[in-house]
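Going in written order, the chains are labelled A, B, C, D and E, and every chain counts its residues from 1.
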Amino acid sequence: SDILVVAHGQANDPFWSVVKNGVEKAAADTGANVEYRSPETFDMVAMSQLIDAAVNQEPDGLVVSIPDADALSPAIERAVAAGIPVISINAGADVSKSLGALLHVGQDEFTAGQIAGAKLAQMGGVNGLCVNQEVGNVSLDQRCAGFEDGFGGTVTVLPTTNDPAEIESKVRAALDSDESIDTVLALGASTAGEPSVAAVKASGRDVMVASFDLSAPFLQSVVDGDAAFAIDQQQFLQGYLAVNFLALNAEYGLMPGGNVPSGPNLITSDKAAQVIDLSAQGIR
Amino acid sequence: MSDSVQIQTDERIGAESFGAKLMKRPELGAVAGLVLVLVFFLITADRSMFTLAGVINFMTPAAQLGILAIGASLLMIGGEFDLSIGSMVAFSGLFFAAATVTMGLPLIVAIPLTFVFSAAVGAVNGAIVIRSGLPSFIVTLAFLFILRGLSLVGLKLATGGSTQLRGVRDVVETDWLAPVFSGDAFTGVFAMLARNGLIETFKSGAPKVPGLPVEILWFAALALVATYVLLRTPAGNWIFASGGDANAASNSGVPVKAVKISLFMLTACCAALVAIITVMDAGSTDARRGFQKEFEAIIASVIGGCLLTGGYGSAIGAFFGAIIFGMVVIGLTYTGIDQDWFQVFLGGMLLLAVLFNNAIRKRVTGER
Amino acid sequence: MTHPIIHMQDIKKHFGNVIALNGVTFDVTAGECHCLLGDNGAGKSTFIKTMSGVHKPTSGEILFEGKPLSFSSPRDAMEAGIATVFQDLAMIPLMSVTRNFFMGREPTKGRGLAKRFDLNAANDICMEEMRKMGINLRAPDQAVGTLSGGERQTVAIARAVYFGAKVLILDEPTSALGVRQTSNVLSTIARVRAQGVGVVFISHNVRHAMAVGDRFTVLNRGQTLGTARKGEITSAELQDLMAGGQELATLDTSLGDTI
Amino acid sequence: MSDSVQIQTDERIGAESFGAKLMKRPELGAVAGLVLVLVFFLITADRSMFTLAGVINFMTPAAQLGILAIGASLLMIGGEFDLSIGSMVAFSGLFFAAATVTMGLPLIVAIPLTFVFSAAVGAVNGAIVIRSGLPSFIVTLAFLFILRGLSLVGLKLATGGSTQLRGVRDVVETDWLAPVFSGDAFTGVFAMLARNGLIETFKSGAPKVPGLPVEILWFAALALVATYVLLRTPAGNWIFASGGDANAASNSGVPVKAVKISLFMLTACCAALVAIITVMDAGSTDARRGFQKEFEAIIASVIGGCLLTGGYGSAIGAFFGAIIFGMVVIGLTYTGIDQDWFQVFLGGMLLLAVLFNNAIRKRVTGER
Amino acid sequence: MTHPIIHMQDIKKHFGNVIALNGVTFDVTAGECHCLLGDNGAGKSTFIKTMSGVHKPTSGEILFEGKPLSFSSPRDAMEAGIATVFQDLAMIPLMSVTRNFFMGREPTKGRGLAKRFDLNAANDICMEEMRKMGINLRAPDQAVGTLSGGERQTVAIARAVYFGAKVLILDEPTSALGVRQTSNVLSTIARVRAQGVGVVFISHNVRHAMAVGDRFTVLNRGQTLGTARKGEITSAELQDLMAGGQELATLDTSLGDTI
């Protein structure tokens, strides 16, 4: 069977490369013919065109992420109208059903932020910094909003580019100019999380750092006690399960009855050590 | 004065083939590259790429890019750059969405307003470049950041905190002007063709392609008008002259400043057109719209034969350049090439296409 | 003496700390050819550039047909009826001969939206004007950048002559021209002058100046050395003035009357 | 021939102030902008920005950018662009990390190898530009994609599926050459200063700034060497000439092709240097390293007074340009301004800085 | 007649479908000045560009000191001892006079890593050579783009003369020069010729050619009309040949011997 995956994250994004690895594993396991595609940048107009291109090939299943329902709905509805089974992953849990997708595999971003916020508040944080390395991506806005909600204290958003050197300096600058900041939540482990840890270390202050997603060095910081925890959404599952479900669907007409919450999953120091190796291999 | 045809018999002119004459024109230089890319995909890509639906599929992004590229190429021929085009797409998209959704204006008011507003921003760009004498690269770069930033701030203001403004589709759906700027043209014709089995349909019987996306019509129309202006009007001559050597042009009586400022306004309006079309199609806008489009527009223009240094190029070249770029970007997804290799292929195809262009042109024109 | 078309009074021009013109007064009347002479770097080109709207003078006054005027651009000067052949020719190498010829003043046909550059007419006029100057162009769409030095200069001259209305300014127009083309240009100057156009002619060639000039003004290091009418001054005297009064190098061969 | 000093008394030269002479130099044009930006932050930013720690904090990214900008500015003066610098950072970073981690080579071998390898890629870039006669914009753009793509493919190969190659720190930590390319210099001096209370310390008594990050030293050294080469060596003259007018330069006997190819190699080596420094500092590399750095390097060069059209500019200007850019990027975080305005602010400051530069320069040099 | 330094045999040069040279044979020997004359567009500049390594001939042979040779770049030609003043001067407007003067052949001081461009020496030489040609520069670091036309041409000539080793090619060197500077250039030609350098001199001025030339070759429409030695031909005959045999325009004033 032919299955196409169209996602908003690029193959060179450390996070999405794990999704892609999941996709490939599922392809190997099921024997399905699978391709992963994404726009050059976070570009919803281009992404809808990629979905159109995929629909034109009339695959036996289509996996999409839905970070902007308005922009992507015509293309997704066209796929559904063409009779192609669609599963959504990662972003779009709220709209997946209404657009005609069979189910969604992923985490609810706002909830994930909330959980992280609550945990950090419980650990004693009152003044938070939310480091956003992809300004304009709504999923990331939702995380900061959830963080603020769950945290209770004040939260400042720090928009940055995705250059680690710049992020390190900016986090450092934010810490230096506001003595009251005691918590940093980064929205991506390798781009924002690792430099945040470095900045906090250099500042010599006692500041908690947590991050969305995983990376081996960040997990190491968790193990070493330099970071509090990482929020894992097990994106390998998003790629793997979606393709697997669609392959089974194509072969036997099987399909689970509801959404699969692949996260959020807090990785604290007790669990971090076990996942470092898997993370280094691009599985977590 | 028709005796001037005598020169046709100059003994110092060798024979020149028709092909050589054609390839000498910057308008047609990009054709060789297009043919190469076409042949490549005909061989390697999934057959669905060259069905009607497939062609429309790669022509749609090509057209959106092409509208920007035509503006960029005229400006580049006129000797300047505009790096703020991409941000301008986001900014005028925000303006347009706010005008329709937040303020509830009808399209007949919102669209002209958006164009006037964008042209004004373009004029500011141009005026600063002209008055300061600074390179347009750095001035419009500043606007790249400023407009992008203002889009973010504006969106948050308009939505009360989100970076995405939704609901445009709902408010414009019933507007009589909507079909000119969004959706598909000739849907009746396509439906008829589908009923008669002349074009492909889904199992459901609906035509795979409901119509011709309006941006393709806009793209083609703009390319024609721009070519006409460049080659057949005084304004076109002024654009070439201003870009070729602003000093010499001004000394010969060309109103260089007015020409350049108009071109900045035109480029901004092209960005506004793309913004209007894509916002209406998507039904929403966000702070990242048009990201890096300035770059792609310049790429398409250069593939199409424009010189970065100004004074040389064509709108038709930019037209083909945009199609080449659009075809390569979308086409690679039809080939089954692993996404990991995507950028390697994109770069390789671009390089091959321009090298091939160049080799063919040198060969036919006998340049040393 | 008739009223001058342009009168330039006490023109000074500084570039940063460089003083290119330090008070030059000059005029040209209808139907005369006024030669502007002087050593390299004397300020001739700078002076005629202030006359044709390229430079704004640092100080001094310009009277055009008796009224004070300041051109804010070359286009203004052109519209007032001043056509100039600049020393650097003001040509765009990448553009065709015809497009250069008509740059800024394109002939049109049609009206309203259909108003367009009449390329056929332009090509014909251009080829014909070039032919008059002694150059048979291969094709009017040849890029100026591929023309020979003299061919290029001829395009600039033919263009100025074609558009010259009241004043024609020629900055070393014959410097790169062949024998035949030079003779054509000099006779063209004589012709347009006879039609009542005022000509300003810059040259380093005393013979050319004497052949067509009515008055001669010599510049030296940014200042006027004086103005003489034809007949008041001999070739040799003029040549001495042009050299700024300095001695000429001597040659083994008889170079005395060579230059 | 010392009688040539006579010309000093030319009556056609007016008096010129010392300030005017200085500002005429492209090297120093950017200083006015730097002063403006500095004054702005001294007034608006939190005091911690100008403590030693704060200065080091913004100088570190500025230095990384500056190393690239100096290479880019020389190339730009030589009349060409390299859009592949950013990708080159990722690509040579991968090469370096693979050499040390995967192949276990010592730095004394791995580092020269990385430079040789990068220079070779630069030479390929240059050779294609020279031989095809295509604009370097389009050729290096192709390499922007190709190298970025190859970095991804290579990383996955080296790591067996991940896009991040780590463990560099562990293998190089003990290498005697490591201090030259990573960490801080003069740590002893800083510790001593801290002990004597001359620089700020943490409560623990350790200095807040353990030393001078090596990239700042490399940055300063490169700026000096590049300035010396440009202004005081034949090669410098050739670079200006090649960029000013390649034809005229070649006709005058300048080996234009060799000059340009060497500049491409140099630029690639600057990218490799940044890659080595940042990979060793971070201990890892990933496929997105150096993203858009080509763009920022060109920005810094242009702020520093380089002309995009070639033939004019300076390395010292790029030095100041990088500092201005780095300071503006980091500086806003120290002010109380809402961070959503970041891009507006960045663009506005850039524009102000170059406009101010320009106005001051025009004023002192009396340009019309 | 001594052995020629350069001998160009049956040179053809096509640009696309344009035939600029259609079989030209020409040589220059040590210590002679060989004038290359002809109408605008005859192919003179194209020809000397093939001689100095800028163009590769489409066909034909180049013998340098008797051996077949093909220069792959102007630098090669220079290293063989050919210095050229191109009609477009080959100057970089944004660079200073000194830097232009020494472009490609910078004097150095110091050794090894400390080997550097000796700017002071270069400035002195440059000012001095310009002075010899009759131009007192304000400062050696003035940008060439701000020089007057004649000053700029003088830089190009002074440079070529300074570096000219075996052959000196001058393409219309005096076209923009003042009286004094022209006389200096002509006497310079006489001087270097006396030192045994072979000079190729292109001019439209018959007097200049007759003053310094030993042989005269006339090109017409890409072909040789013939070569004459000094004394074998009169000014008037030469002038006729240069005009390509076509009639000259006549002037009301006595323009007969003007050109």
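Keep this in mind: contacts are C-beta pairs under 8 Å (C-beta built on N, C-alpha and C of every residue); 3 or more make two chains touch, one makes a residue touch a chain.
On a predicted model such as this, the values are computed, not experimentally measured, just so you know.
Hopping across touching chains, the smallest step count from chain A to chain C is 2.
The largest tally of C-beta contacts between two chains is found for C-E. Centroid distances from chain B, each centroid being the mean of CA atoms, peak for E.
Centroids built from CA atoms put chain D at 33 Å from chain A.
Rounded to a whole number, the gap between the C-alpha centres of chain C and chain E is 26 angstrom. Distance between chain A and chain E, defined via averaged C-alpha coordinates, is recorded as 71 Å. Mean C-alpha position of chain D lies 43 Å from that of chain E.
Taken residue by residue, chain D touches two or more other chains at 12-13, 148, 152, 156, 340, 342, whereas all remaining positions touch fewer. The multi-chain contact residues of chain C, meaning those touching 2 or more other chains, are 15, 18, 88, 138.
Touching two or more other chains at once are residues 11-12 of chain A. Checking each pair of chains for touch leaves A-B, A-D, B-C, B-D, B-E, C-D, C-E, D-E. Those residues of chain E lying in contact with chain D across their complex are 52, 54, 73-75, 78-79, 84, 86, 88-95, 99-100, 102-106, 108, 115-117, 119, 123-125, 127-128, 131, 136-139. Those residues of chain B that touch chain E in the complex are listed here as 11-16, 20, 365-368.
Residues of chain B touching chain A in their complex: 46, 48-49, 51, 53-54, 57-58, 60-61, 64, 152, 161-164, 166-169, 202-204, 206, 208, 278, 281-284, 286-289, 291-292, 329-330, 333-334, 336, 338-340, 342-343.
Residues of chain C touching chain E in their complex: 15, 18, 38-42, 44-45, 87-88, 134-135, 138, 146-151, 154, 172, 175-184, 186-187, 190, 204, 206-208, 210-212, 239, 242-244, 246, 248-255, 257-259. Per the touch definition, chain D reaches chain B in the complex via residues 128, 132-135, 137-139, 141-150, 152-153, 156, 298-299, 302-303, 307-309, 340-348, 350-351, 354-355, 358-359.
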